[in-house]
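Per-chain numbering from 1; labels A, B and C assigned in written order.
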Amino acid sequence: MADDAKQPEPKAPSTEKVKEISFPAAVLAIDATPDGKTLFAACQDGGVFTVDVASGKHELIGTHESYASGVTLLPDGKTLISAGYDGVLQWHDTEKRKTIRSVKAHDFWSWDMDVSRDGSLIASVTGRYEAGGYKYEPAPEREPSVKVFDAKTGALRAKFPHIPPTQAVALTPDGQHVAAGNLMGEVRVWNIASGKQVSQWKTDDLTSWGVIKSHHFLGGVFSMMFSPDGEELYVCGFGPMRDPMAGNGVQRWVRLNWREGKELDRTHEGESGQGLMEALAFHPSKKFFAMAGRLFQGKWNLAFFDTATGKNIYSLDAKHRVTDALFTSDGTRLVLAKAKGQEKKKDGKWPDYGLIEIRSVIA
Amino acid sequence: MRDSFSNLPDPHCGGADHTLHRRKFLQGVAGAGALSLLSWGGLFSLPAFAEQAKKTEKRCILLWLCGAPSQFETWDPKPGRPTAGPFGSIKTKLPGVHFGALMPKCASIADKLAIVRSMKTTQSEHLQGINLLNRGADPRPPFIRPTLGSVLAQQLGHLDNPIPNFVLFDPCPEGNEFKEFKASNWAGWLGAQYGPVRVGGEYKIENVARLADISAEDHEARNALRGFLTKKFENERRSAAAASQNAVFERVKGLMSCAHLFDLEKLPVRDRERYGPAAFGLHTLQARHLVENGAPFVMVANGMPWDSHVFHNEIYQLLVPEMDRIIFNLITDLEERGLLDSTLVIAMGEFGRTPWMNAARGRDHYPNAWSLVMAGCGIKRGVVVGATDEDGVDVAEKPFNEKNLFATIFTALGIDPYATYDLPDLPTFHRVEEKAEPIRAILA
Amino acid sequence: MRTSRPASTNELQAFVKDRGRDKRARLIDTLLASDDYARHMREVFDTVLMNRPEPKFVDRRESEKWFAYLDDAFRQNRPWNEVVRELIVARPQGTNDRGAIWFLYERENNPQAIAESIAPVVYGLQIKCAQCHDHMIAREIKQAHYWGTVAAFNRSKNVDTPNGPALTESAIGGFVSFANLKKESQRAELTFFNGRRVEERWPKDGDKETDSPDLYLSAPPPKAADTATNDPPRRKRERPAKIDGPAVPKFSRRAAFADAMTKDNPLLARAMVNRVWAMLFGRGIVHPVDMMDSKHAPSQPELLDWLARDFERSGHDVKRLVRTICNTRAYQLEARPVKTKDGKPAQPETFARALDKPLSAEQLFQSLLVATANTADNDGKIAGHSEKELRRAFVKQFPDLFPPDYNATLQQAMFFANSPLLDELLAPRAGNLSSRLLALPSNEARVREAFVTVFGRPPERDELRECVGYLARRSPEAGVRQLLWATLTGAEFQVNH
């Protein structure tokens, strides 16, 4: 809380709301064209949308049979990949507005998806939590938890084992390694070409066992990203709770030297409130990164952290749960995917409960 | 009353009188009720009769889904609707009837189940809801209505049964409102002897072996002497605390003789694999085993895990398939053993969950329209009664409340649902108030 | 009043023989002045304030002087509001009150746990239910009260100083929000359930607060209060920072909260009166004890008002409160059932007769040691076990202190029936009750002595006949051990009456 007077204060960035676009169902994932003029949204009603920022209009271009959980535009600028709780990866042609390929990737959900920077690989993670012991320790996987697909052909390139549910995945910028984190706060990293596991790291500080009401685990790693240079891995979620159903774990990220499986830093004491963190994004300047999620108690559910020091340099109560976040490539806009609470039917209609919020970034 | 106390059972004297006096003595102030029970012990000493009695005796297992389970992921899915959630639905053995997609095993035995999709109750907070669905009526202080388990322990059990008449499995020492309920008076005006014996997890039954320095006869005689001295105290002071203590001490000998029935390790590995490996399943297996061996009522709870205000889907992906497998195994095992017709299985919580999802990925409390399932003794097989509207917001057909439910349970078990409690110093209460109708459509 | 053990035979004889009219009042005064009183109050309030300890804290409560602090507070009869103030402010002035900080320190920087455990003391309430929303049943308990109470402690942090554990407090920060049922975020302002609030200037959104030594009273610079933030990787449990002394801000939220709770806070007195009443009667005037809200009306509102006012006017004098209650006719009533005018049995909340009060683990354990006259041998062991081990075994079986409803468990009965621990207390040993009984010349003498020792009364005729008959059919040792077992495990011994 107390600032160190000797250290030069990094110039704090800030943001301002520019626009809000409403969706019928919660928006769970977003991506954007490099110019930031078109957005893509994966929604809880299964819909995959293109969104014209200027007009705020959105158009359905594909549908999953369950929640759509991930969406990424390939570098070709027109092929959009989406993933869903139906376990399916879909390829959409954004120009022709149609779905061109579907691949059944998993028996259970695709919890999270990532695409390599060059657009050649898609990684997706799955796994259902099943009791493996008296105290609900997770059982071993029934299907490969981590799969890597060829983005051009849809062919399976590699698969890796983890303890399900494996909830977050990230590819290194060079596309050589894939990292996946699970319910138990365990991160594994593999070399895709060799198929070998490179490292493993686990913490008890991102998961909970319910002492109070529910004897099972909850929490874990909910989002992860590599640093722009690929040397470090960031994971986020929230800290342990005695009653996981309170949802009051400490908002937390952890920075890792992933090659050695070592922790380097984590959200600083006193800079976090409580609530699940499920989105991470680096600013193009690389000087800071964003983490966002839900506010249970505290000051913020969106914050920027200084890359060099790990300090919280900007924070905001963004009012609703943030499910995904990205910076446009010029760094001037922050786009947030949001989920409101679903409201009761009004006049025979279900009110919208999804949002995309666009904020200007003054850095 | 005093005279009977001087005929203390004493193993050294032996003789036929023994059982009779001991039982009178156990009954204490219960009076006339004791007579009907006199024959039980004697009857059960004839093996053939005991075997026959076990088959026809009625019993009940309550899978208590505390915290309140969602109807949408279980018995009343709304595929394609905004309230559906991510899991989808599947066909069942009953034409046109769908369950949540996480319940394939129950779907395959839907023709043995009775589903009520139109429960409509009034309490939306846990403690009030737990009380309502365990006692079957709103509270009327200062009188404490006995729980379903205590009523069934009294109606289906007999005090001489070495196995407790009411066993509660629940491993969670904590648990907010359920913890509060667990610490309350379960047996109410029926008296402490009909309260539950709590086991599971940390609630092991330890100290089951007699110490070497006392003989079996002395062990029993010592307890009888204790009973003689303390029963005077209980009676003279109408001491509820003493009654509660005396009720558990009277269970000691029985428990020591049947402690092996509570030993999970003694159950076949194959069974433990089918029900386990987690606490809820293993405790259900133990419940089945106890019921097979003459326990009239067993309640299986597991904290209050169904209360998914946050991470609803993330929790239900674990809980629903586990419940699906447990109910499937329990029903099919009971049927294989010829016990399904005499055993009532109920799976329910204290209310349902909201059609809408909150901003924390959760569903909140919802008593307005929810589901439960029953099977076995006195229940029609393969029936769905009641319905909700297209989004599951309200009951569309045949709303039922806790009184209808209790009347159904009692009727199914051959117990008069409207009997009057004729106890001294008590206003007139009925087993089910207001002559509430049972849910006839699911009664066999 | 039964402090923590039954009267020894000598005490009882002295009481019965004393013909003075005020003998009861004098006995109460003697008990209030005794070590037993301080110990009993310490045991009760240790559990009330701290709950049963996790194993790692059992020894630290002793070594960090928490027990000594409570013991001293009750022995010296320190005003209750001062004691509560010390628990909240946690800045001990000397070595005597050093243990006061343990109330906050054991909660390991968890302001919610602190708020939840101070609420029963200062409001007479459990406030946990108001964490996520305004209380659904007792509507006056607002979510803002929960988080306001939390905010009183969210600038504080455990530190280790050369003088032992301490709590430092920052002058800035702690401006947090909480999400209500609609998931809107609300400010956690210093607003409390007793209607008091402390005004603070909230920084504007995006404003950075600056810390400065000007904001502090104490010598150590505030920087020292902050844990170093760049020393990864962290261990699982963060160790308290080592600093010379805790920071004390000029405006202390803890001190402000303490003022609001211990000065002109009628709820503090009402909560204590209800607690002590429940301790003595086995049931609060408001029942359950920690639910003094709109849904739990006092059974005798005028009585509660009167006692609370008297307690406040007396300067929160705890011994006076205990004495007043013990000298009431209600407390001296017998336990036999009483009927009301219409012939119905009197309900418990009328206190028309003495209510059952099953002994707590500590009382039961102490009572068994006193009754069976087992004392520690040269190795400090009682019947082969350390006192700690025995105490732990009893606490495990009897963890509850103020249960809303009493339910004996089968596990407890099995413990008495088959655990070697009780059995060993009954084995004859030099000086203990069993060997004393065995030395008596006849079975009748043994039974009489056993009754007087365990129950404090001679046996009735039928009891004497049964028990003598019982002894006659067994070897003297087996008979005596079993007779004692039958009396000590019975309700007459185990239930305070």
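Here is the rule we use: a contact is a pair of C-beta atoms (placed from the backbone, for glycine too) under 8 Å apart; a residue touches a chain by one contact, two chains touch by 3 or more.
Quantities reported herein were computed from a predicted structural model and do not represent experimental measurements.
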| item | value |
| --- | --- |
| Among all chain pairs, the one with the most C-beta contacts | B-C |
| Longest centre-to-centre distance from chain C, chain (CA-based) | A |
| Chain A and chain C: spacing of chain centres that average the CA atoms, whole Å | 48 |
| Inter-chain centre distance, chain B versus chain C - centres from mean C-alpha coordinates, in Å | 34 |
| Gap in Å, rounded to a whole number, between the CA centres of chain B and chain A | 44 |
| Set of chain A residues in contact with two or more other chains | 246, 296, 320-321, 340-341 |
| Multi-chain contact sites of chain C, meaning residues that touch two or more partners | 132, 183 |
| Contacts with two or more other chains, residues of chain B listed in rising order | 176, 309, 358-360 |
| Contact set on chain B toward chain C in their complex | 2, 5-6, 8, 10, 12, 124-125, 128, 142, 164, 176, 180, 183-186, 192, 195, 197-198, 203-211, 213-214, 218-219, 221-223, 225-226, 228-230, 232-234, 236-242, 244-249, 251-252, 255-256, 309, 358-360, 425 |
| Footprint of chain A on chain C - complex, ascending | 112, 131-132, 147, 155, 170, 172-179, 182-185, 188, 205-206, 208-211, 222-223, 225-227, 229-230, 232-234, 236, 238 |
| Residue ranges of chain A in contact with chain C within the complex | 1-4, 12, 14, 204-205, 246, 248, 255, 262-266, 268-270, 273, 275, 295-299, 309-311, 314, 316-317, 319-321, 340-341 |
| Chain C to chain B touching residues, read off their complex | 128, 132, 136-137, 183, 335-337, 344-345, 347-349, 356-358, 400, 403-420, 423, 462-463, 465-467, 470, 473-474, 478, 482-483, 485-487, 489-492, 494-495, 497 |
| Touching residues on chain A, where the partner in the complex is chain B | 24-26, 44-45, 65-67, 85, 108-109, 128-136, 139, 165, 210-216, 218, 242-247, 276, 294, 296, 320-321, 339-345, 350 |
